[in-house]
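Shared chain: subunit A. Partners: subunit B in the first complex, subunit C in the second.
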Partner chain A sequence: MEHRKLIETSCSHFNNDPRRMLDILWQIQNSLGWISPDTMELIAQLTNTYRVEVEGVVTFYAFFMSKPQGQFVIHLCEDIIDRYAGMLPVQNAFEQILGIKVGETTKDGLFSLHLTSCIGMSDQAPAALINDMVVTNLSPNKTKILIRTLKKTRNLASLVKTFGDGNNSHELIKSMVNNNILLKGDVLLGDININAGLNKAFSLPPEEVIATVQASNFKGRGGAGYSSAKKWLAAAATQADKRFVICNADEGEPGTFKDRVLLTERAELLFEGMTTVAYAIGSQHGILYLRAEYRYLLPYLESLLTKRRNEGLLGTDILVDETENTRFSFDIRIQLGAGAYICGEETSLISSCEGKRGEPKNKPPFPAVSGYLGYPTVVNNVETFCNIPRIVDKGAEWFTSIGTPESSGTKLLSVCGDCTRPGIYEFPMGITLGEVLSLAGAKDPEAIQIGGASGVMVGRADFERQLCFEDLPTAGAIMIFSSQRNILEIADYFMHFFIEESCGYCTPCRVGNVFLKQGLEKIMAGKGETSDLKYLQDLGKTIIQTSRCGLGHSSPKPILSTMKNFPLVYAALLKEHPDGRQAGFNIQHALDESRIIAKRRSIVFDPDLGGD
Partner chain B sequence: MSDNKKITLTIDGKTIQAESGQSIMNACDAQGIYIPRLCDSTGLVPQGSCRVCSVKVNGRVVAACTQPAEDGANIEHESDEIQGYRKDLVRMLFHEGNHLCPICEASGRCELQAMAYRFGISQATTYPYLQPVRPVDASHPDIALDNNRCILCGRCIRASRDVDGKNVFEYVGRGIHKRIGVNGDCLADTNADLNDYAMSLEVCPVGCIIRKGEGFFSPVGERQYDSDKIGSNIENHTAHSSLGKLIKVHQIDPNDAIHDDIDQSNVNEDKS
Partner chain C sequence: MKKKRIATTSLAGCFGCHMSLLDIDERIFDLLELVEFDRSPLNDLKKFTRRCDIGLIEGGCCNEENVHVLREFRQNCDILVAVGQCAMMGGLPVMRNAIMHSDDPLRECLDEAFCTPKVLNPENQIPNDPALPLLLDKVYTCVDVVKIDYQIPGCPPSGETIWRALNALVKNEAPALEYDLIKYD
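The block that comes next holds the complex of A and B.
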């Protein structure tokens, strides 16, 4: 086989270990452009797995290609924010200048064009990935210039004329992405003293580190509001010879990009946080699960890990206590994802780290008891880890003085959509939605999507509500839609998103979401009746109740929350038919297929044959 | 896990004994309480994907096949709400694939069809039909795969991997495009064999895995679920008769000699 040597090298680089399947596939795809059936066969032989298992992994992730691709693979972000920012004309421009449609590759083998879910650039939309490079603020004209430049130079670096703010201009990043930090709070984005928290933690017994965080009333920043300290206690209490600390940097929620900014500007704080938690629970191994969309940050993040190893903050014997005869060793590896929103779910993320399809696992057992490779595992997100050293450094009392009694600290918000100041805001917990909107310069705000696609859409009646765990909880996405936007179109896009991103493991999420979208589209087409509202409600309830993981528990929310908060939008489209006929049924349309099969028309129903 | 400690559960108000470490489904099976299921099959590792075995435990809906029975758990099983969910899930599976019972070889022994009858689903519902066009793989000399009838239960995957030690099947793709892939370009490329447990009638609950040359082996009226509804063998321990009707009749094949390598015990039984 032609590339045998290369595939063998890639597999042996990861010790032919099938648990490193994602790394193996990335390395091979980076060289060959795609994973062919023959490649899968050889990988399977070398890693002692089966070809169909390798195929199962390749076909699960959107960024692994099982068909040949061009030298430059364009993934244009199709998120609703990008759509409203002019993504469709950009798509047309790509298609026109390349002479291909989405999903195709140019004849010269230079370009492939794909659409993809949110790539975390909603404050600088429309945006796209070209291989691992991010291009932002696209317009049809800019698109044409990009392609012309690439055709001439064949060099991605030539696309970036000016670098973004902050570390985006770092020589290992050199990206046009902007941080757009618009409000710095006391905890994360203000002035911080790197390693102060870790050094203080090292002076305390591990139990006291957990106790401090528990006393601070800190809740995980993923949106569910679960006490992080409780997870750590469970992991620390489970007998095992290894424990794992995993950082979830698979920020896939549409409209969210705050982790991207933390990874750019506060990566050391993140690694410090992971090390602090590792010390607290007695873990030796850390994994940063980085979404593939943020691959452009990988060399920079790797360099920081190396720096910390050189400084003695990662690696063997970071802390040796001769009197107590204890030694603490901890290191972090970066696991690159490959384009799957579901991997933001902690058990899916663990499956993915294990080199498998990113499908959720059954709970119980919970990861804190049996997680990565069966070992006790703590999974927290980027913002959570960044908070920890700050709490340990400044104390629980300082932390609880910020925010509300139930929700201590600050919250990073990614604000995007119809506003003049999209970007990152660090607010104390409990800020009202209205205050956020006014600071962001919201233009005629009508509907606000809180917490991304899996969150809820609220209207003006909720603008005085507080963003905190006890009122309106959010993982950080605030999408602003003006009165010019079609609310059902937004809900319909989110359903499209969930259908694309469902792993397909369980029936309700795999099938039910498709039905929900079709039901919504029937109403949008003006063919809905009052009974369709109940249909959507009942179906939504079945999906929420019977799905296996958080994706299915959330996916009907765009429809259910818009039905609840914007009932008039639905009511205006519904039709009542006193004769009992269904508006959604068109006999002529229904007969079309039969006419083709029978090769004749209907004597009863065709008008010119005497039908009605 | 299984320290065989006795625990007590309440299911629809009835108190039953179970062993700690058992799943809710196993605990109920042992007591003659049948919880409907499609992706679970005796002898295979439960995976909780079809969700038809949904029950409510202390207010949360969970899959009975994977949920450990916990002492004192209060389980809601045949309430209107739970039965409603189960019906919705069975309907979803019907509408996701192409299930044309009158022409299907599995009719009468199909668990999806039997489940619909058990729930009283006998006509089209409000769900749309997705009418997928999925390829049929008839490459193998003894086995055909009609993926249009597949409900993605994954029983063949687990049977091939865990019982046969072969990994003929695995899930590929994701979401609504998820399907069962085979370990090669087509089934004939794999080491699949008619005598694999994965290819037996116990494994595929629908008419996706087809054993060539032995279709429609039971006349209408004598098929597995013609008289006993699905689950009756669990509900009534004496009702094993339904299994007894599952008689395999091999058609006489002029090339019968090629069947010599088939497990003799099976063949002898069939021909007797």
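The block that comes next holds the complex of A and C.
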């Protein structure tokens, strides 16, 4: 096999360790373009595992290719935000100029075209990835120019005419992505003093670092809103010879892109935060789990890690206390994901870091007790880690003076959809939805999806509500839909998203979500009846109650929340049939095949024979 | 108390559920104190004589006649009950719906039934007498075709189960069946 050498090198680069399967696969795919069955076989031999194990991993992740691909692989975001921003004409333009359909590769082996879920560019939609290069604000015309340029130059860099703002123009990023930071708050996006928090932490005993954060009443920013200090205390209290600190930069929730901006503009603060937490819980190893969609940031992030190693802020013995005879060492590796929303769920993320399919694990044990490779592991969101050095630096009192009693500090919101100013806003917690909408220049807002697909859809009645843990919580996404949009179509897209992204482990989630979508589509087709609402409600409840992980606990929400907040939209489409017939059943259609086979008509049902 | 009027029918079923109804044994006399039978295979009445309180349906819909009868039942009964697995979920007949990845699933089903070498049918004839109702493209459950008020699971539900359900319905109550009555594994 001609590629043998290369595969062997890649595997041995990671010590033939199956726990580094994702890294091995990425390295091989980067050279060979795809993972063939022979490649899987060989990887399995070299890493001393089974071919099905390797194949299981390859087929789990959307970005690992088990079929040959073109030199340039295009992943066009198909999210509802992109659709409303004109994604379908862009898709047509791609298909037309390339002469292929979605899922195909051009004959010359240059291009492959795929659709994908949100790539974290909802403020500059429609957007797509071409290999690891992000292209934004697409139009049919721009699409054609991009492809023509690529055909001529065969060079991705030639696509970027003007760089985005801030670090997007950095040597190692050089991207057309824009930060779109529209409101800077005091905690994260305003002026910050880098390493001040870490230095202060180093001057305190670890327990006191945790105590400060506990006093600040800080809650995690990744969605669940759990007290970070509590999580760390649990990890610190668990006896083990190693502990892990993992940063969740999977940011897969549709409409969320605030971590993208933090990774671009506040990456040092993030690494500082991870180091602070490591110091607080006594951890030696950090992992930044970076979603594959943000691979364009990888060289830049690696360079910052190197810089911090050179500055003595990462690595062996970064803090030595001769009098107490304690030494603190900590380093961070970046684990690249491979395109799976479920890997944002913390236990799936850990599975993924372990080189496995990104399937959730049972809780308990919680990761803080038994996580990565069985060691106590703290998983926190990017924004969470960025907050920590700021709290340690400026004190708990300063932090609790911002926001509401239950939700201290600020929150980054990523606003997108029907508004004139989509982008990133750092608000104090507790801002009302209405204020956000007016600052973002919302156009005729009718329905707002709070917290992405797994959040809730609210209407005008809720515009006075506060965005914070005690009222309307959000991991960051605010998707604005004007009165021109079809609310059921949006819910239907989110169901499509969950069906695509379910890991398939639980039947209620794998199958139930399909039934939910079918039920919704029946109503959308005007064939629904009042009893269908109850069916959707019951089924949704069952899925929430019987699924294993947060995906199944959230997936019915687009339907349940639109049913609750927009009952009239549903009611307008429902029909009652006084004769008790089900509108979904069409006898004529059911008889078509039979008429052809039997070569006769239906005496009972043919309309011209007097049937109905 | 005025006697309730009951109608029953067997669509794409095996008459097992009707047999099970007869399994209530001598309680049939008690039942007759409470109800009168209208259209039913038990008395061979083929048409409704008047509106009924309760309709019991055995079997799902595999042909046009089943649909026709089921709609008549819906039209003429206040409360419609799907009795047994076939009525609720399609039961054995629904297995033909498993032929999904075919352009012509119905033909494939008929070929399998009548034209495989296992059956003695030298001319490969598929029954097609004009008196035979046309088959539907697939088997539909009763719930697919009309609104159903109650379902009694089982293949068949035991006589006891049916007895309890009927007793409740006669008293205008929803049949609440204990776990043991509808536990089949």
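Here is the rule we use: the second predicted complex is superposed on the first by the 590 of 612 C-alpha atoms of A that agree within 3 Å, B and C clash if a C-alpha of one lies under 4 Å from a C-alpha of the other, contacts with A are read in each partner's own complex, and residues count from 1 in each chain.
As a working rule, a contact is a pair of C-beta atoms (placed from the backbone, for glycine too) under 8 Å apart; a residue touches a chain by one contact, two chains touch by 3 or more.
Note that this is a predicted model, so its numbers are computed, not measured.
Asker: Counting only touches as set out at the top, which of subunit B and subunit C does A:S594 meet: first, second, both, neither?
Answerer: It touches subunit C, and subunit B stays clear.
Asker: With the two structures laid over each other on chain A, which partner does A:E55 touch: subunit B (first), subunit C (second), both, or neither?
Answerer: So A:E55 only meets subunit B here.
Asker: On subunit A, which partner touches more residues: subunit B or subunit C?
Answerer: Comparing touch counts on subunit A for subunit B and subunit C gives B.
Asker: For A:Q545, select first, second, both or neither according to whether it touches subunit B, subunit C, the two together, or no partner.
Answerer: first
Asker: Looking at A:E426 after the superposition, I want to know if it touches subunit B, subunit C, both of them or none. Which is it: first, second, both, neither?
Answerer: neither
Asker: Mind working out whether A:F585 is in touch with subunit B, subunit C, both or neither, as first, second, both or neither?
Answerer: second
Asker: Which subunit A residues qualify as touching subunit B in the complex?
Answerer: Where subunit A meets subunit B, its residues are 37, 50-53, 55-56, 59-60, 340, 357, 362, 364, 499-508, 510-512, 514-515, 518, 535, 538-539, 542, 545-548.
Asker: Looking at the complex, which residues from subunit A come into contact with subunit C?
Answerer: 529, 531, 577, 579-582, 584-585, 587, 589-595, 597-600, 602, 604-605
Asker: Can you name the residues of subunit B that touch subunit A in the complex?
Answerer: So the residues of subunit B touching subunit A come out as 47-52, 54, 61, 63, 66, 68, 84-85, 88-89, 92-93, 95-96, 126-128, 130, 152, 167-178, 181-185.
Asker: In the complex, go through subunit C and note every residue touching subunit A.
Answerer: 64-65, 67-68, 71, 74-75, 80, 104-107, 110, 126, 128, 130, 133-138, 140, 143-147
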